[in-house]
Amino acid sequence: MIPDLLSQYASVRRWSERIAEPLSPEDCVVQSMPDTSPIRWHLAHTTWFFETFVLKRQQGYEVFDPAFEFLFNSYYNAVGEQFPRSQRGLMTRPSLFQVLDYRQHVDRALRDLLESGQLEASEADLIVLGLQHEQQHQELMLTDLKHLLSLNPLFPAYRNLPLKRGRFPGTPSRPFAEIVGGGLVEVGYQGNGFCFDNELPRHPVFLHPFRLQENLVTCGEYLEFMQAGGYSNPEFWLSLGWSAVCENGWTSPLYWYSRGSGWEIFTTSGRMPLDPDWPVCHVSYFEADAFARWKGKRLPTEFEWEAACQSTRPTGEEEPAAPFLDNLLQAELAVHPTAPGQGMWGSVWEWTSSSYQPYPGFRPAAGAVGEYNGKFMCNQQVLRGGSVATISDHIRSSYRNFFAPETRWQFSGIRLAEFV
Amino acid sequence: MIPDLLSQYASVRRWSERIAEPLSPEDCVVQSMPDTSPIRWHLAHTTWFFETFVLKRQQGYEVFDPAFEFLFNSYYNAVGEQFPRSQRGLMTRPSLFQVLDYRQHVDRALRDLLESGQLEASEADLIVLGLQHEQQHQELMLTDLKHLLSLNPLFPAYRNLPLKRGRFPGTPSRPFAEIVGGGLVEVGYQGNGFCFDNELPRHPVFLHPFRLQENLVTCGEYLEFMQAGGYSNPEFWLSLGWSAVCENGWTSPLYWYSRGSGWEIFTTSGRMPLDPDWPVCHVSYFEADAFARWKGKRLPTEFEWEAACQSTRPTGEEEPAAPFLDNLLQAELAVHPTAPGQGMWGSVWEWTSSSYQPYPGFRPAAGAVGEYNGKFMCNQQVLRGGSVATISDHIRSSYRNFFAPETRWQFSGIRLAEFV
Amino acid sequence: MIPDLLSQYASVRRWSERIAEPLSPEDCVVQSMPDTSPIRWHLAHTTWFFETFVLKRQQGYEVFDPAFEFLFNSYYNAVGEQFPRSQRGLMTRPSLFQVLDYRQHVDRALRDLLESGQLEASEADLIVLGLQHEQQHQELMLTDLKHLLSLNPLFPAYRNLPLKRGRFPGTPSRPFAEIVGGGLVEVGYQGNGFCFDNELPRHPVFLHPFRLQENLVTCGEYLEFMQAGGYSNPEFWLSLGWSAVCENGWTSPLYWYSRGSGWEIFTTSGRMPLDPDWPVCHVSYFEADAFARWKGKRLPTEFEWEAACQSTRPTGEEEPAAPFLDNLLQAELAVHPTAPGQGMWGSVWEWTSSSYQPYPGFRPAAGAVGEYNGKFMCNQQVLRGGSVATISDHIRSSYRNFFAPETRWQFSGIRLAEFV
Amino acid sequence: MIPDLLSQYASVRRWSERIAEPLSPEDCVVQSMPDTSPIRWHLAHTTWFFETFVLKRQQGYEVFDPAFEFLFNSYYNAVGEQFPRSQRGLMTRPSLFQVLDYRQHVDRALRDLLESGQLEASEADLIVLGLQHEQQHQELMLTDLKHLLSLNPLFPAYRNLPLKRGRFPGTPSRPFAEIVGGGLVEVGYQGNGFCFDNELPRHPVFLHPFRLQENLVTCGEYLEFMQAGGYSNPEFWLSLGWSAVCENGWTSPLYWYSRGSGWEIFTTSGRMPLDPDWPVCHVSYFEADAFARWKGKRLPTEFEWEAACQSTRPTGEEEPAAPFLDNLLQAELAVHPTAPGQGMWGSVWEWTSSSYQPYPGFRPAAGAVGEYNGKFMCNQQVLRGGSVATISDHIRSSYRNFFAPETRWQFSGIRLAEFV
């Protein structure tokens, strides 16, 4: 196990730095809004996790800089006072380069620990958790930098990759095809790998017969909703959703810009014309819900989604072949479902109608790491699937992502459901 | 049915005016915060409901004042533009007396309609809905006026009734006693009477074996939580709850005032010393949840609550003997559970851990009245039971009340649960 | 002096109650915005002044209600804690009738004191100050109730007086006529009557030769400014003024409503068509300044205004024949300058370019009443003249009114100036 | 003239870059609050001034990047739309290095223009204005970077110069010594050099006999005010000042930190113990005014200040020997008045009681550069003198600096005045 963990550690840590490579120190220090964090902060905070929860307990470990404990704590009250989240972007020191040194310092110590063979099982578990944690932050780095760059009137690209853009293989908006019988279904994580505490315990739920649409909702379909007055008619909207539309002046998904008679979208490779066949993305839960109501359909519950995922997956094929990073641009330009069943992950996160709640018997982990999931179980909606910005080995059918219903800067889209 | 409806109409409408009787025109016009409404507005809006949805469709009905459609619409987008909710308290005309005239005008027309025998079934349904609607507003009138009076440094009483205050019959904090076996349980309204659309359809849910505590959490128990540092330790709190504690400076339930070494509470009969045996009241969901976590327990789901209610109710005893209005003061001073099973309604609303979601297959009513429930199904927690301010024939085991988790001005308390 | 003071006391106090007569208890309790106060609060606070500064020092005086000291203090820190200004409208008790009782109680005691012959000179001075204070609040009562009624979608009239409306006698926008030579000029109060501390000491200032326009700027002239793009061109505006235009969406003076192709204004007798010959009113300092810049002129300094007033007044004619209350409607409909020189008071307050500063050697009065003027000398502009809502014996050429530059709910207008 | 202008241009432009030298790209991109700007923005905006107002009019000039016109306009409405001030810190591109390239591009073109001998007089005037403008921004760069660094919990130093710190030569708090006779005094700029439009026209004002204190108020004196309850007693404060104290929780000047029983201050060389002999600095107008009232004195008017400056200056000594940049640390650590009369500039800006108003006959320059001064003449207080951060050839006795009364991040201090 240890050799595996070592190579996994090296690989995950390397990704974070690759994500930051195309960015300048300026890009890495600024915070675009209270919901996002500076890239440099992500790089430091993920490192802080290993230093705080693993290395500090090791005899002889020399802390890189005692101030970092305070500077790069996110929300772990049990660890100590926190630097206010909304002011992360005001901290211009330590510099990006000092943070990269911090990463090297911690990586060296952690590698030594892994190679020493002295690792306790509980420590190995914490390292695995730290890597999963870092993979979550890798996705946030991508969504946060996209948001930051979008605020610049120059609309700079994150990376300019040569495009190998192709047309969609399938037919969008295919009629409802998947049917899942109702009754008692088991949900929650099952297996020997890693999962978060919020995926447990596995337990039965009772589902009414339902169908999920095979394809994600496309930009073209969403444009129809917009042209039908979707953003000016309160009847389609939840009450809070309609308030959000009015207060924020929403008239389209995030990153859409009208240009002449058409639309452009901002992607990580800059602004480009919208393709009606792409899955719609960067919509809030409110918009997903309103679209579904307008269509006479609804969003799936998280359990319907999970049950459908289980029922359509060919045996043994747990691992999706999701694109990542090198393909991020490709992916943003041509995210597509392919064969049925494989289409349920890896292009956009899918809003579900389920609010984020503990499973029956849920117990958070002991100590500070127990603050990871449970304390956010209020006023959040569950998203399922995974997006082009999600690293592939992080995607699984029991994974529960969650965001506040007004969130739009994540790669979040729509799949429709209905009762049979 | 019509004669019954007539007497029911007269009785419900009369209640609203009785509630307002002890109040001055000044008390009736002011709005204490955006969440509350002026009493005069409640009196007018409940009347507007009957005029808009029933009387305006009748040939020959003469509208009392065309401006009222706009002035007293609450949130029915389908009916037309609305006067902004937060400015209801700025409207000093029409006066309280004009609104009472408006009530008489509408009551006369509606009585004529009921006596005419010309009533269609769909109209009768709308009248029943209007009465249920008014009963909900009657509870809000009581909670809103309590809030308004509490802001006055004189802490005036709403009514000064002679107190027949007694001690609690039962033992507070009795150990967990109720056990309800798990498995598939039917929830949702069943019967021939009135229910709201959000109580339907009745459907099975799968429950894990659980227990509910027989008694509500008392002020004395809550004081222990406070003295144990409940309000200064983030580990007990949901993340949003801890933010609410810090931003609002909460250190106790609403309407609690420290006085010397003890506590006083503000009630509708003014300020008085706190009795540790009373059920704790005017806590938010966040406080209820934090208290439960501190105790090592949890809040029940709304389905556990409903299942427990069904299982403990003696046959045929659907109707609780809840106190109301004349007894409001008594009730506020001595709300008490009595025999097991009867204790689940009529003293305080009980926060559940369930967020407010549609039942599988939920369909809102057609037209404007369909805006009644469904559009609020986001970022709200379900409360079950009923309070001292709830009129008794409005209480039933399938009733789903809902408020945002930070809400404290309702009569809301705590019942603990645990898995077996 | 005492008999005079007695009759003056009775007369001034009576006015306040006459102002409130056409209003309902509802009208008297609500606060329309943080800058205004409820009418009932004005009635109580002006009474509080006499009780606190005069009666409480008298042996044997029985306080009406000890709570009122706290409830009706405005901003006198030296007297004690204050009820927060922005929450004055949340206090529904004491009722209007209790406040009227309070007035009677204080009036009776003060009349007894005046008749006793025991009055010390310093006490008489405080009574005179209290009456001047009440006269200022009488003007605020009128501007505050106008603002409150304007927020009501019914646009109710304060009083419906029969209109004896006539055309303007003079020619509006007459060319500049008044010339005042420059040099050293004495400004500040001179005489044996009452004046506020901020009108002293009388002192010389050096003025450059200037002219004031004989007529006030009319609505018709202001409409030209609006039609010339006045509200959409930043070049005419102070930087803060342009921010105020953008943030508040100003496109006209306060209380102007476009209707078809024309304009209506809201007055104390309701909405009515705008007459282009009326002096423009309810403009902020920013609008007055922008209009002047657009015209190629400027606003006068407060000293130019005072010097012009002195130079144009026929001997002995200190007392303007200004309209009041019974004539308020008339006045609002037909405020007009008449003969030159008399036109400088009594129709609208005139914004000056002078910020509100102490005169050289200014000393506030000792004790709590010293908080009357001096502490507001920052970020306020001086207005001179007096308005239709100002009681006539309160108007004098040295009087310095002051408001923040964004203020619009006062009867404030524009007179132009230029250097010769 | 042209050769002089050329060397002056080179010298001023070089200063800006020297100021930025000790900073990282991260330090240069972040905006610490809406009142400040990122350093990189200052570097670009001062360059934009020359490109927009001088170079774009030259035939054959090639614009560096057309987007910069929009990105680096500050508030010149006449030039075009502006990038919102509060979002300057969200723009991570163009990078610091691109902005330095922009500076080189413009400098080369401007040098060519200056050397060409084709320069018109009006263009030379604009270049002189541009240099004065840049010198103002150089001071803002220093105050803005100090503010940014102060928000970092590490309290990093801007520069760590070896300290040659000496004691004060003079006796602090010497009794009032300077006397200036009253009467008519000429104020405003006189001479052949550069001055801003707001220093003209020179004109007479009438002054009452007054005295200015020879020494600036020291930290030790200010500590006495603090220990006497200065920040908790409303009687010393303007009404708006007291609100600022309460809302912001002010208990000391900006950048003061209590540490054990003493105080530390944050300077551009980091945190260090407070020396009671230093002039107090980083106080708002409100604090300066409250201190003066507590002392029984007052702040001088801007004209008293200017008159005193003229009367005490030895003949011919217009040029103060003020410290700058290399000495900034020294200066911050040991700002000191020396001989009488020289003490009136170069250590801290001195708040005056004068609000910022136009001189009689003031005319802003034509065109966009006319937006430089006049439009800010509202709700601002005048400061006189100059600070350790002011470049020495920018200091003169007629110079009018101005800031809103709550401003604290400038190097602003207190000199007391009184009437004789």
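Here are a few things to note about the model shown:
All chains are identified by letter, namely A, B, C and D, in their written order; residue positions are counted from 1 within each chain.
Just so it is clear, contacts are C-beta pairs under 8 Å (C-beta built on N, C-alpha and C of every residue); 3 or more make two chains touch, one makes a residue touch a chain.
Source: prediction; values computed, not measured.
Both chain A and chain C are touched by B, D. Residue-numbered contact pairs of A-D overlap by over half with those of B-C, the repeat interface among B-C, C-D or A-B.
In this assembly, the C-alpha centroid of chain C lies 38 Å from the C-alpha centroid of chain D. Between the Cα centres of chain B and chain C there is a gap of 47 Å. Between the CA-based centres of chain B and chain D the separation comes to 59 Å, rounded to the whole angstrom.
By the document's touch criterion, interfaces exist between A-B, A-D, B-C, C-D. The part of chain D that touches chain A in the complex is made up of residues 24-30, 32, 40, 67, 70-71, 83, 87, 89-96, 148-149, 151-154, 156. Considering their complex, residues 75, 77-78, 184, 203-206, 208, 234-235, 237-242, 285-286, 353-355, 357-358, 360-361, 375-379, 405, 419 of chain C touch chain D.
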